[in-house]
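Heads up, the next two complexes both have chain A, just with different partners, chain B and then chain C.
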Partner chain A sequence: MKLSAYKIFRYLRIWWLQIRCGLMQRMAYPYNFYLMVVGVFVQMVLSIAFIDIIFKFVDNISGWTKEGAMMILASYMILEGLMWATCSFISGIQRNVRMGTMDMIITRPIDTQFLVSVWRADPEDWMRPFTALIIFGININGLGVWGASLFFNICFYFIMLFFGFLILYSITLFIKTVAFWVIEGSALWSLGDTVSKLSQYPTDIFFHKSVKMFFSIIIPVTFMTTIPVKILINGPKFSLMFYSFLLVLIFFIASRKFFHFGLKNYKSASS
Partner chain B sequence: MKKYWFIFINSIQTSFAYRFNVFATLFAELVSLAVFAYLWVSIYRQGQTLGDYSLNNLILYYVLTKFIILTIKYYEVGRNVGEAIREGDINTFLVMPLSFQGEFFFNYLGNVFYRSFVYLLIFIFLFSLTPLNFDIHYLVVLKMFLGLAMAVLINFQFFYMVGVSTFYFGFVIGFNFIMQGITAFFAGAIIPVDLFPTWLQVINNLLPFKFITYFPVAIALNKIDGQELYFQFLVGFCWLIILFFVNQLIFKNGVKKYEAIGI
Partner chain C sequence: MPIIEVKNLSKTYEYYKKAPGLLASVKSLFKREKLFTEAVKNVSFNIEEGELVGFLGPNGAGKTTTLKMLSGILYPSGGECRVLGFTPYDRKKEYQKQFSLVMGQKNQLWWDLPAMESFILNKEIYEVSDEDFKKNLDELVELLDIKDILDVQVRKLSLGQRMKCELIAALLHKPKVLFLDEPTIGLDVVAQKNIRDFIKKYNREKKTTIILTSHYMDDIKELCKRVVIIDHGGIIYDGQLDDLIKKYAPHKVLNITFNENGVSREDVEKFGQISKFNPYAVTIEVEREKVKEVAGAILNSNLPVDDILIDEVDIDDIIRKIFKK
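Then we have the complex of A and B:
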């Protein structure tokens, strides 16, 4: 795919317009929007309370201290927040397939995967990364990393978190593409949500080697939050970073191919 | 009553039409249940414990909780009632000899009946494959089902209240979303309510949420029995009556404000 600077700018502009449209749609019912923001915040607070209550009874979870576990939770909030706020967990696929409006999307002179991805964005979910950054700020001192090494670790952490975002996006695309076959697939949301939620706990809790391997290779949840936080605490490990990059490439290309395969099966019949 | 019976049956038939959703949701919830199980096992393997829960009982707690969550689905009523008012579908009910609440109640009951039947069979099958130990007397099963019935009724009344508040807010997805999160937490779906700090338990005892999930599960695990059980049933019943009358009031005043335009 040959992308010129103009093309990239055009795509960014469309994305920006979609985000603005999302905000305008939400602001049509301002009270509802504010309640949604509060709702997201409440959800985040309850997740923090969950970890907090567990640590009232225990010292660590599979070797993770409270600060470390909170960092993983914060990373999960950032990933989930970005997935909602930028592409709404790619809900554009199932919605348009079910309503029969996918025709209008595939006939537009723009990449279909891009358009269904940015079709909806939920602005209230920016509250998630915002809350996450607060947790990040509160717990960073408890990690025992200081000075320049902390600065570099944070940089590598965000790079790894970006890789984690791309992995989560690709897995979600895999799941949501199934909508081309099942049409009324509202439960696909649950599946995508489950994958995302898996990343809110340290994957070291999976003490069976086979399960650990499964969540490192088949559904690489480990690389979404646990590894980035490990890099934040222990510093960069380039073999892990390279492996993470490799996973991003494989998952992104494979999910895109699967999406186009699903698109070929689209029968343009709403339910 | 016959008309509501047909609503109930129709609801079950509609549920059968979307089997993929039922099984996909089940799969997703089982994965999340497995993650919880791993979390607790990893903690107990290190010799740590959570309150007075044994590992077996803690996992059992989450299995039963998951069954209830899947069956009663907190948010469903609020969303459906809210949309019916917002999109103007309620107009039909205002001119028909059919109760608006009755329609949604029997529709919800049909969904609950279908889901409880399907999930119960699957849960029993999967449970038989695990090493979990669940000794339960048939009388406790009976009490648990009464607790479950109360959970279904209170959940319906509570989220019906969220739904009919559309008359005032215009759009209640946000409100429903907040209440869903709060309900899940205070009902004990995320962590057992008896593990909350004392001050939070005191607050929670003044709210109806624990009856939606924790109460039937606590009965099954023999955490509530004797006089305390009857007292809690009485409190739950009071909540049911209060919510019912509050809903009547909200609906009655809401209809007066309603402009029948499909907001």
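Then we have the complex of A and C:
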């Protein structure tokens, strides 16, 4: 027990040091840092404006009101922001496989998946969850939930959002691991990005049942943002929460095993 | 018991053949010919604790591939190896804490930050205590004389300074085994000497087992008593450097300078094989057993000798001959 607590603390400390180095690295070039922050902010403003414009013409889409759609967007921003702000290096796996720069990570006496995830981070992306919380605060009143129910719904929402983050992380890891075989995997980056972007819309907008099934089981985008926001609005549904937890376990364990299988295929690159 | 044991280690890479041209590129979308290259072929050697062994070979010989298998970066295609009792490609944390790899052409430090930040990160990753970190860092900084640059961005350092920082990052946790892959590549002569002096001193004081790959003969000559020569994936020599010279250079070299009177070619060629000739300076190769006798004969002759030096054949020439075979 004592050993596990020490291990967790050690990993958290290393994660903090990586984040710290990432932040210092960005701030070493102040103008670039400001531009990146502005760039991220503009991206988010455009996404918000897009939803706003659509709901000027309709009252709801597949039962989703403007406030609900904004919550989905905010949830997506939190997930995307956390992915880039804490583990952006995972998106660069294909580049590091191709260039052979994975060598130095593999030889470190620490879990390779952990180090690959946190080796580099993009601190400017903390703007996303920060902005998302503002959107959250503005639109929460429009959801029609009040008092103690709201408090509990928010708690369950964040638990489900955490599950959603783990699902997104696992799917991203799955996709990027293919780089160990294909080497030049820039297409993988697009694929990962597409999966992530799908989660900014409620999956109820897809009419066809098979599409909904696909996004619930095969690539469970539904459980990244749509289900957490539904729980925020309608309250906890324990069957859904349990299923979400099950998906987390399956995807996380499977992606980890797949990553380590891919690692065995790592061929480095010429020096 | 050897600290590094390698037995019939092999590594085969697969690659795809691609003919030049656009049509060939389109064809390769549908069908590609897979080829194999044996980067390392049945290599076997043992290294004892504290040895400093040089790996020498031309580009593509298999030196770096061997080091990468010993570091656990690559899985071998055949054979086995053990370092400190561990199988490297099992990538056990206990093993990874006891070795270090420095690659002259790859950088492990944060490029835009002072080297000190990378050292702090390595301290946590390798679980070095605060006390040991301070002690090791102070010692290494003093040995390498880089106190003034610890707070300078890595990207602003010279190549020599950066290599020194790379070495510190690799040695903070006091590894028992150190793999150095071309650590002096691209450095100027002064920086090369500094790095060599450091490696020699560190190996002597800490008894760290070191494998060093290099193209520079000066690295091997200055640092290694034992050398392993690899070519086309196989070991062609493994032994003492002195024995290499004796085995592949049965001759010694006599460098003779003459005064203003000079000599003719005919005057000198009877003493040995002339490798360089001008009337005032001649180099001849003589069999080892006969070199003293020949030197004496030249001095006792009526040739206008100013100076005579007995030397070994340049090891660069020996290695060149070996690789040409």
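For the reader, a short list of remarks on this structure follows.
Going forward, the second predicted complex is superposed on the first by the 264 of 271 C-alpha atoms of A that agree within 3 Å, B and C clash if a C-alpha of one lies under 4 Å from a C-alpha of the other, contacts with A are read in each partner's own complex, and residues count from 1 in each chain.
Methods note: a residue touches a chain if its C-beta (ideal position, glycine included) is under 8 Å from a C-beta of that chain, and two chains touch if they have at least 3 such contacts.
Keep in mind that this is a model prediction, so the values were computed, not measured.
Look at chain A after the overlay: chain B and chain C fit there side by side. When the two complexes are overlaid on their common chain A, residue A:L133 makes contact with neither chain B nor chain C.
Of the two partner chains, chain C is the only one that A:P109 touches; chain B does not reach it. Once the two complexes are laid over each other on the shared chain, residue contacts for A:C21 go to chain C alone; chain B is not touched. With both structures placed on the common chain, the touch criterion links A:Y29 to chain B and to chain C. By the touch criterion defined above, A:M213 reaches neither chain B nor chain C.
Contacts of A:F50 after superposition on the shared chain: chain B is touched, whereas chain C is not. Using the contact criterion defined above for the overlaid structures, shared-chain residue A:V182 touches chain B, although it does not reach chain C.
Superposing the two structures on chain A brings chain B to within 6 Å of chain C, judged by their nearest Cα atoms.
Residues 29 of chain A contact both chain B in one complex and chain C in the other. Across the interface of their complex, chain A is touched by residues 13, 64, 68, 71-75, 91, 93-94, 96-97, 99, 101, 103-106, 108, 110-113, 117, 120-121, 124-127, 153, 181-182 of chain C. In the complex of the two chains, the chain B residues touching chain A come out as 18, 20-25, 27-29, 31-32, 35, 38-39, 41-43, 45-46, 48-51, 169-175, 177-178, 180-182, 184-185, 190-191, 195-197.
Contact residues of chain A toward chain C in the complex are 10, 13-14, 17-18, 21, 24-25, 28-29, 100-101, 103-104, 106-110, 112, 115, 264, 266-268, 271.
Those residues of chain A that touch chain B in the shared complex are 29, 31-40, 42-43, 46, 49-50, 53-54, 56-62, 124, 182, 184-188, 190-191, 193-194, 197-198, 201, 204-207, 211.
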